[in-house]
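Sharing a structure below in structure tokens format, with a few things to ask.
In this document, chain identifiers A, B, C and D correspond to the written order of the chains, with residue numbering beginning at 1 in each.
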């Protein structure tokens, strides 16, 4: 049982009460129960598009106050951390206002709709010295931490190759409709989910130096809305394949694909080294496959998440009791609160999220130029 | 976003603040955020062994008041639901007092240390007409609900066979020490984890009519405590294999094993029918394997948990975002609150947990008698 | 490339030209190409039920002569090894005649229709000092040899438990017809395929001391032939579950099941020890799963068959080039020829196959007696 | 049992008696036992580098005559089919001589060391009208035939994406020495094993129109021989990643990698369509994964090889009895004999193997040019 005294409180201002808003609210409720935190998050203010939706959201998600004006949320003295789950086009104005008010900013990915915008946000945050965090939640998985430790410690030797992918199937059908995801401004499979595997690749193997990508629109048009007979051209990629060279010299490939029929969450990678290898797929997010050994006993070992893989132990003292997606968000929030109180850095913060976005844009540029683009 | 009005509040009195207590606290915090509940749980009173541990637990887990006297928790007018995560020997006295006070009782498994005790508790609860729930949380998995639906709807035809198991490895080593789990009163692998696969078998295929079991103690003695050189004889089973006949005539086998080296959570089953089959392991709790088809296309299909499998949709609107162990407890709590408000039945309730315990004891008796025992 | 001189020839007399006969013929053709054998098998005589089928079989399978009289095959001076793939009821007379003629006998499993018959055959063979081999081909898998080595060498510590199964689905449908397999004389799932997992259990863990089994007939009657409307009662088991105690004290369970919808070849086991564990299924016969390690790195390792696992290297010098079912028969034949030339023992020979058959009958007796039976 | 009359004989002349020569010899021995062939292959002449090795090989592999001069083998009237398993540099001269003699040519992959050479061979063979076959044996797998049928029949809808790979680990170590595989003339991971996945991609999805590849040498030098301290620069790729566009418009990626630590035979692909998907890895060559369905029942189905998947039925009448690598060669040989007798076409023949080689060279050129190359 945690023994902390959480006398200190941190007021949370949440912008947005959709799926991600609910996910944040749940994480802020669970984190202080499961972790020994240096401060207790308090659900202070919820902002949503209308007074009605804000009020309903506040009640459902347990926030003390509701508003349809995110500026008043930022201005509220009770708010220490501004959590942004609003549409992507609003990320910059909300974050800029929060930074200007000196508040910690916790923003959903992608950081913004363009790298230029993300760069403005990053520069402002760093100039103001505020703590930032971006919701690449898959990095919070204890098995990803284990993978990184194995790589860093030299357990698999010199890294030789990378093969990564984020593939889902929510746009597999030609009749999957347009949405904010297909907006040319910041949309497409590469930006939407490719950013996850890019962030993971960087997290594990460091900066990417050169890319050569092939962005492809499978279906030239899609219904303007679910069930609509009217169709509108698609201007973004459904599927991107890319070649990579990391700064370390390691080569590899990467795929972003939202029309990957059969895959619900294949955020996966295989990393080879001179002495071993590591493989992972979010489809079985509590397993890490690690290859080692030689001769008759060599093989891929399936390591199951357990209390030896922190912070799994915060959720359960025994192995085999799976973590789920929402638990990753709880870890993210716990790290945020730690960083907030210690004025430390979150990983990923705005700077890191900017680098991801730059990589996305380099790939898009490479596809147009039909050649390699350096970063 | 949920649209309920949760004007009604339900006061929670939690007894125990260990791992399971924390798990309950987390579930009571998360359930109203994720589900549209007819009432909002309020963390009212926490009782623990000492004033200090109770106070620390209350703060850490977010309860309004703390006490070292569970009787005062039950007497507290703010408490509507008594959640019991205390040692097994205390389940009966706490539950009996709560029943006498007309309160809903939410008890961790096993219901009690003997079937006789569980029967007293069940009879009292039914006489008083209080709502009861027992924490066989693995039944709450949406994939288990899917399995049950497939069986009930005749999708796999006439059920022909069952093969079940709950295997973990926490007592694999001869030096794993004694604990409350090895107490002859209610302990042993069969009672501790075999009860999970028995409850699952009953949940999916109905009552078990006859059993023939072989309970075995692998290591004759174990350290009296972790690291102790002194050893004490073991009086309970480490491993039980059993033959089963269900009332339906279906035959099968079942294993309970806490010395199953290599298994962290193999709560698993395979159920065959005349037309199809279903396989599951808690090791990959977000997958259900369903066999169907004929000729060149027959095969086991891996179905991944998604919003088509309620109440997964309460946690995430997209497939592939795994549920974890703690989420099962959230579902359990949501069902409890529904039942509480509607004065309905939880499944499993005390009556069902009693049947599980009777099955455990029939197996123990069968092993001693070296033959079949009817239920 | 093999460098042997195979000046010595061994004449093969094959009785039966069905699937198993073809499998033998293929193995006798392949073995000298792939192995360095001390003698070269020569396909001398094929016997089958009629002159026509024998002649056709001899031409198809490449035998020099054909006969409808297996006695003349045995009498033929060109025949050194009598390979029996005839119906089970003929195993005893053919083998007895071959033994009397001092010839090596290579008999398909089951050795005979009853343990009493198998005992007569075994006693005769041992008295005559002839080499015998019985076709439990699954034991020939290099991965089974690896499993046995790991157990024998203490790699998994003290063995603590066994869980075995042979499950297929060829009788899953109530309309799967009668055949020789449902003949009360030697038929049933336990005798037909349960014998494989029993032989494997003995091969890996030694003699079985006590059994308690539940043999069950799922469908009371079946069509007298494929597509027939007339049905005849079934007198044999479709599915048997059994409890086991090995002479070593290890306990476990075993299932034989030919109505296991969804399983084509689940000849599988999991063996746990105090330090590790081993798991295998014939469904992925080129993999062996071996659990070892502790803490953050513990896990089941998938070892793929390769040249480090003899005699895989006879088939391919590189790993990952799977062996198939027919290759197991090639290994069996190579071992037979080695034993023949050196007058050594095959494993399994008649003596071992008799022990398997005795175990089958003990389980059948146990099921009738509803209790344990010792061996 | 086959009922063919194999009165007609076809003389086999095998050049080379190493691993692949043995594999051919085994296939020529097994094919007439397992298949109903229109002619019976007879092992006539074996040629190898020296008189000694040829004589030893002929005896071991069962050939009637031996020679150190492959020209005399070709000239031998008893030889109808010339099987070439000699070093790659000899493929052209041997094949040209055989073509000139009007004989059927069965050549191991790669067809030759350059596309120009392969083109000369193809043109000559087509001009002479001889039957040709190239040993891309993985295409012979019944599960690959099933995959192709599912694609062709529209079962997975419009094909949208491809992800392919051939990854092994035999050159993972920096100390894996030079061999014919690292010869700049025709060597490298892409040519050696990438050709397999290219042939498979073409077999399933048709011609590849454009490629952009990144060929990389991981280790700049390697020992001149096993265990040697002297090292020599490496001039070929260890690892190639490539982007693809098929003529159909489908996009995808491909990897060839002989330094893929942890992979012994990951010849694998995932093909997505608008309605379904197919996944395969040679690591489990008897399984095909097929995704179909929608809603609560959608999932990847594991289809196990069985008699519904011809020509599996030639090897075994029951499912679950795996085929192995050598069985693929038996199928290849059976198809060759069918084609020889009917003067039909094998697939792949020289023409197809040439296209594979042209694709390899286009990728190599693309890597040098750092851009896309059309075919």
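Please note the rule applied: a contact is a pair of C-beta atoms (placed from the backbone, for glycine too) under 8 Å apart; a residue touches a chain by one contact, two chains touch by 3 or more.
Values in this document were obtained by computation on a predicted structure and should not be read as measured data.
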**Item:** Homomeric contact chain A-chain D: same or different residue positions, threshold half
**Value:** same
**Asked** Does B-D or C-D have the larger number of C-beta pairs in contact?
**Response** C-D
**Request:** Would you mind pulling out the distance in Å between where the CA atoms of chain A average out and where those of chain D do?
**Result:** 42
**Fill in**
Whole-angstrom distance, CA centroid of chain B to CA centroid of chain D, is 54
**Asked** Per the centroid of Cα atoms for each chain, what is the distance between chain C and chain D, given in Å?
**Response** 34
**Residue numbers of chain D (touch at least two other chains)** = 263, 300, 304, 306
**Complete:** In the complex, the residues of chain D that touch chain C are 1-6, 17-19, 21-23, 25-26, 29-30, 32-34, 36, 53, 56-57, 59-62, 168, 170, 263-265, 282-286, 304, 306, 315-327
**Residues of chain A touching chain D in the complex** = 156, 160-161, 163, 165, 172-174, 212-214, 216, 218, 238-239, 241-245, 251-253, 255, 257, 259-263, 270, 272-277, 279, 291, 300, 370-372
**Prompt:** Which residues of chain C touch chain A in their complex?
**Reply:** 146, 290, 293, 295-304, 306, 308-309
